[in-house]
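Letters A, B, C and D mark the chains in the order given here, with residues in each chain numbered from 1 onward.
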Amino acid sequence: MSPDSEVPYIEAIKAALQDAMRADETIVLLGQDISAGFPFGATRGLAQLFGEERVRDTPISEAATMGCGIGAAMTGTRTVVEVDFAGFLLLGLDQLVNNAAKLRYMSGGQLRVPLVVRVGQGPFGSFAAQHSQSQHAWLAAVPGLALCAPSTAQDAYDLLRWALRAGDPVVFAEDMRLYRRRGPLRRAAREGAEHVGESAPPARLSALDVQEDVPRARVARTGRDATAVCYGFGTTIATQAAAELSAQGIELEVLDLRLLSPLDEAAIGESARHTGRVLCLGDDPLLGGITGTLAAAVEERAHGELSAPVARLGARHVPTPFGSREAFVYPSAESIVRAVHRLVAWPAPAQAQELEIEHGELRMAPG
Amino acid sequence: MSTETSSRVSPLDLYARMALIRRFEQAAYRAYERNEIEGTVHSSIGQEGVAVGVAFGLRESDRMLSHHRGHGHALAKGVDPRRLMAELFGRATGVSSGKGGSMHATDLSCGFLGSLAVVGSSVPLAVGVGLAARRAGEGAVCAVYFGDGAVNQGIVYESINLASIWSLPVLFVCENNSYAITTPAERVTAGEGIAARAATFGVGTLSVDGQDAQAVREATERLADDARAGRPGLLECHTYRFLGHSRSDPAHGTYRAREEVERWHERDPLTLLRLGAGLAAESCEELEHEAQTRIEDALQFARDSPRPSLEDLEKDVWG
Amino acid sequence: MSPDSEVPYIEAIKAALQDAMRADETIVLLGQDISAGFPFGATRGLAQLFGEERVRDTPISEAATMGCGIGAAMTGTRTVVEVDFAGFLLLGLDQLVNNAAKLRYMSGGQLRVPLVVRVGQGPFGSFAAQHSQSQHAWLAAVPGLALCAPSTAQDAYDLLRWALRAGDPVVFAEDMRLYRRRGPLRRAAREGAEHVGESAPPARLSALDVQEDVPRARVARTGRDATAVCYGFGTTIATQAAAELSAQGIELEVLDLRLLSPLDEAAIGESARHTGRVLCLGDDPLLGGITGTLAAAVEERAHGELSAPVARLGARHVPTPFGSREAFVYPSAESIVRAVHRLVAWPAPAQAQELEIEHGELRMAPG
Amino acid sequence: MSTETSSRVSPLDLYARMALIRRFEQAAYRAYERNEIEGTVHSSIGQEGVAVGVAFGLRESDRMLSHHRGHGHALAKGVDPRRLMAELFGRATGVSSGKGGSMHATDLSCGFLGSLAVVGSSVPLAVGVGLAARRAGEGAVCAVYFGDGAVNQGIVYESINLASIWSLPVLFVCENNSYAITTPAERVTAGEGIAARAATFGVGTLSVDGQDAQAVREATERLADDARAGRPGLLECHTYRFLGHSRSDPAHGTYRAREEVERWHERDPLTLLRLGAGLAAESCEELEHEAQTRIEDALQFARDSPRPSLEDLEKDVWG
């Protein structure tokens, strides 16, 4: 692969798995139909390269597979468990939350669980309510897990390489809408050399004292008028919206969080203070979802320096409907454009009045 | 023996329904390839003997739950092909108002409680349906389908155990088509298979040739009668899907050898029934023609139907 | 039971189950050791009253039990599934989230699932990390579920009676620290007569259009200086804190949400605008937890009318440690008092400066 | 036969370890009643034959996972009673630094990977441990305990299946003490029980008298040897807990008849071993005295130890 070729996100994931498995012989992959690379191709060909001992097709036993991954990880075999759709993660959630995330703590530090769980997120393929869901707040809220939500092919590669060096469990949330999107990819020449960008020094990110280097948030596009705080597919549509807004003379800064736990609140505060107007984007519902945490972080880090109330755009509070109607439930470039228009117009007299009547006006569902 | 059913079922009835399912699946698959249908379509072509045998072995008042490969189950239970096709097309006239799609069709009017997409997850629901039926004194059995892939989901055993200790009218039906997507059953399923496993949980079990609709129907009647009397049962049907798992995999050439697929094609459930029951070729052709007409009508109905409104999409969440 | 006797919260739950089972013959209880009333006594004696057909001891099969409850509920047998500790809920979560919450939607309204899941929340009994957790944001974020978090014996009774009349699934989150607390209890003379207080008309609460009457939030104590937005055990400690603060001349309003989904945002806005200073209390972590949603609701409903940044108090971002050390992780009356002191002092010059340096200062973990 | 173990194990060794466990459990229970120990204490008094039989049937390099009733398992595997008692007391000197407590004790130094509180949830971990051991070419077996109550958790079957298809060195040990809290096993477990169930998943199974430590040890050796050679096994041990489930229920009078409890008291594993192996009364008394001394020392150690600091409580979360 030449350094500057554009590859799909899913290929970047495969490249990361392949390079990491080459660098670290302990790595084992577990998942359904992974030797065939079904359904999205993330593991296609890896069984041929590394053998079926390391690329193991599992039965449809999500709970035991997760538990098996944990047991192997805690005794020296770094494990990657693949869960194709968010909906199926629920079956292994007891193992992930009660065991993977807590074993180190409960054992007084004796056990470490270097497990990576790759899980598809978001709506994709019109598979309806049970397949399509977003679990970012859920997973971020579990002490003992880190949560990656990469938005580009390069980040998919770099963050997965990083996750595969971490000493503790990482959930790798892959927005399925990104799988086919292409982007430049530079693979690491040697172990540890990938481009995670600026990495936080051992520091207090969010509520957590972290000893390891953690990739920081990244300004994906600079702007002066407003900030979109986003991750995963949100970064894609925010960037699209930014281009459209720019043509209208509005410069939207796009802050790509990359990780949701630990959360780079310092970067959120910085961008919020810079633009003074912030839109927090998420794919889970506004009630209980990640946008609440992001908005609170903005307020806490930029209080008194905002020119408009923090706006949120999340999923409608409905299960995902079947078919292309799913798009109706989630934020889009269009709904971002609309939200930013209102943010930058604040406090336009008409709207100010509207807000007097109906508080919470700037808390938006898409459409 | 459930005389209520056996008496009224003729081989021609079975054939007619199988032909309907076959045409429905073919039409749906083509519509899917033409991108008229979104999402995915899991075809049951080749497995019609199971769908029809089970449904005709049950009483009309019995209930059914299914999984991701459920069109045939639904049609066999009596769901209107027009409204099922409309559901696959995501139309407001679909059985689930177009909000469920291929993997989530429900039609309460004929006891088809629904299909679910999470492998194994419909199985415990059947136990609860059995419990409610018993409490209501209804004598209705709930049959629930799952595949060979689902036999390694622990919830299946939890459910069989529950039905067994509570003596509930539940019939567990394993549609063993030897593969879960690309994975051969024997590579991921240790030991003696689902029937032997289930027997140690105290339920009655039978294993039958799923290509033989009559055999499936008879076994279903026996186990359903037992279930009604308080002994839940498990029926394993050996069958084969003639097509790939879904659009993304070919019928053969990767994980299945061409010869294997061809061998199974020789055991087409429609052919077997026609020959086995000595059905006249013309009768069968007529039934197939009828099926074809109904399915064309169903397709047209689906195409002509509107999608759910955005307002509809916010309905039926809570309260 | 005389109308004004004080009874423990757990007895109020039992009373609600008993009265509801009498009024509605379809109700069936499912759970482990429930005929013996183990472990907290919520069902003690009910098997004697209603028979083992209606009070069914289950095997330790949380997933199938939840599924069985759903199947029964959707075909006419209203079911109450008991899950003693939050940690065990994870085993039934696929059934709860993918089936109970979505079946009505996915079936185009044909299926209704009048299931009530009673689940213990919070730390209790020093049982350590796997037993003790709080899942409020998780559950509130599931479209298709309602979430009750009653704080008093009367509310435990009233809300459970309400849940047992609802047509859709309700998760009944019982903070285990409340089980032994006593309060007055008035049982409903007849079906539907319980005192749910003011009930919302069919209305848009949170992001959800709700047709049924839904119990509203309640001002548990009025105050002019600051508001504590809380639920469950949080209401108890906020009320204790309010008494202490009152002696110091600070009047804390305590807004008891009662339900977290649907969320009574109008009541939050009203109290926030009234006092201008708000502390949001939760038992899940600040990252991804319910306090983010609450704080965002405050900002959205009272923007421009607040005299201080919204403060949050949640769980520390750690698993629950063993033993009485668990108290260290969760908010307490003392940490509330400290937080309110800082809220009402805002913007005291010294602190204002402190905030300049360290944003997010008013986002507090306990202690 | 695993000569490495059998040759070095004398009945006196077994007796000594059972006596240690018995004294530990008695002391812990009393400390719990005095509120010196917080949370809960699940006593294994009456079940020492299983703990010691299994641990002594394994090699020192083998690993072990346990559940909520795990003190005996830990001590049998070699965990220092001082540091285990300190863990129950929630002290920083405990094996898990006082952050885990009675239900979450881990001591990697002797292959005791830990106890977990969610019933059934440690079982799949053993499969992973077996996988890692096999990949490392270690030849170490991982034994994992669960109770009769856990046999209705689906994850147990998923795990047995996984170990079986992958031929992993795992030994599943069901400690069947006939009750899960107040619930008799036969009321919630349909069919033929765990050994028969497991056999249909292709693993080797043995059922033994759990009160007979020597029988347990021999069965463990056999199954562990098989597991090392690639055939996982399941050992069911019939035993009884002499006390209630935890503090809140009495030993007898509610769900267990006094006579039943007394009948099992006659099958005390210590007495059975003393009589069965013809151990001299003085030797046994001496061992019990020794155990008593060690446990008193352990208690003192626990009491004298500090609790974890607030700083410690924020450690070991992530990164």
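Here, a residue touches a chain if its C-beta (ideal position, glycine included) is under 8 Å from a C-beta of that chain, and two chains touch if they have at least 3 such contacts.
Owing to the predicted nature of the structure, the values given are computational and were not obtained by experimental measurement.
Peer 1: Does B-C or A-B have the larger number of C-beta pairs in contact?
Peer 2: Here the pair linked by more C-beta pairs in contact is B-C.
Peer 1: Cα centroid separation between chain A and chain D, in whole Å?
Peer 2: Computed from C-alpha means, the inter-chain centre distance equals 41 Å.
Peer 1: Quick check: how many Å separate the C-alpha centres of chain B and chain D?
Peer 2: That pair's centroid distance is 45 Å.
Peer 1: Need the CA-centroid distance for the pair chain A / chain B, whole Å please.
Peer 2: Here the centre of chain B sits 37 Å away from the centre of chain A.
Peer 1: Give the residues of chain B that touch two or more other chains, as numbers and ranges in rising order.
Peer 2: 96, 98-100, 104, 116, 118, 152-155, 158, 161, 165, 187-189, 314, 317 - these are the residues of chain B that touch more than one other chain.
Peer 1: Would you mind listing the residues of chain C that make contact with two or more other chains?
Peer 2: Answer for chain C, listing residues that touch two or more other chains: 58-59, 61, 63-64, 87, 91, 94, 98, 105-106, 128-130, 143-144, 208, 316-319, 321-322.
Peer 1: Name the shape of the chain contact graph, picking from line, ring, star, complete and other.
Peer 2: Looks like everything touches everything, fully connected.
Peer 1: Show me the residue ranges of chain C that touch chain B in the complex, using the header's touch definition.
Peer 2: Residues 26, 28, 53, 56, 58-59, 61, 63-77, 79, 94-95, 98-99, 103-111, 143-146, 166-169, 202, 208-212, 214, 262 of chain C touch chain B in their complex.
Peer 1: Any idea which chain A residues touch chain B in the complex?
Peer 2: 32-33, 35-36, 38-39, 57-64, 87-88, 91, 125-131, 316-319, 321-325, 328-329, 367
Peer 1: In their shared complex, at which residues does chain C touch chain A?
Peer 2: On the chain C side, the touching residues are 87, 90-91, 93-94, 97-98, 101-102, 105-106, 128-130, 136-144, 206-208, 260-261, 263, 265, 269, 284-297, 299-304, 309-310, 312, 316-319, 321-322, 355, 359-363, 365.
Peer 1: Within the complex, which stretch of chain D touches chain C?
Peer 2: Checking each residue of chain D against chain C gives 38-40, 90, 96, 98-101, 103-104, 116-120, 149-150, 152-154, 180-183, 187-189, 248-249, 254-255, 307-308, 310, 313-314, 317.
Peer 1: Could you please specify the touching residues of chain B with respect to chain C in the complex?
Peer 2: Residue positions touching the partner: 63, 94-100, 104, 106-108, 113-114, 116, 118, 121, 123-133, 135-136, 142, 154-155, 158-159, 161-162, 165-166, 314-319.
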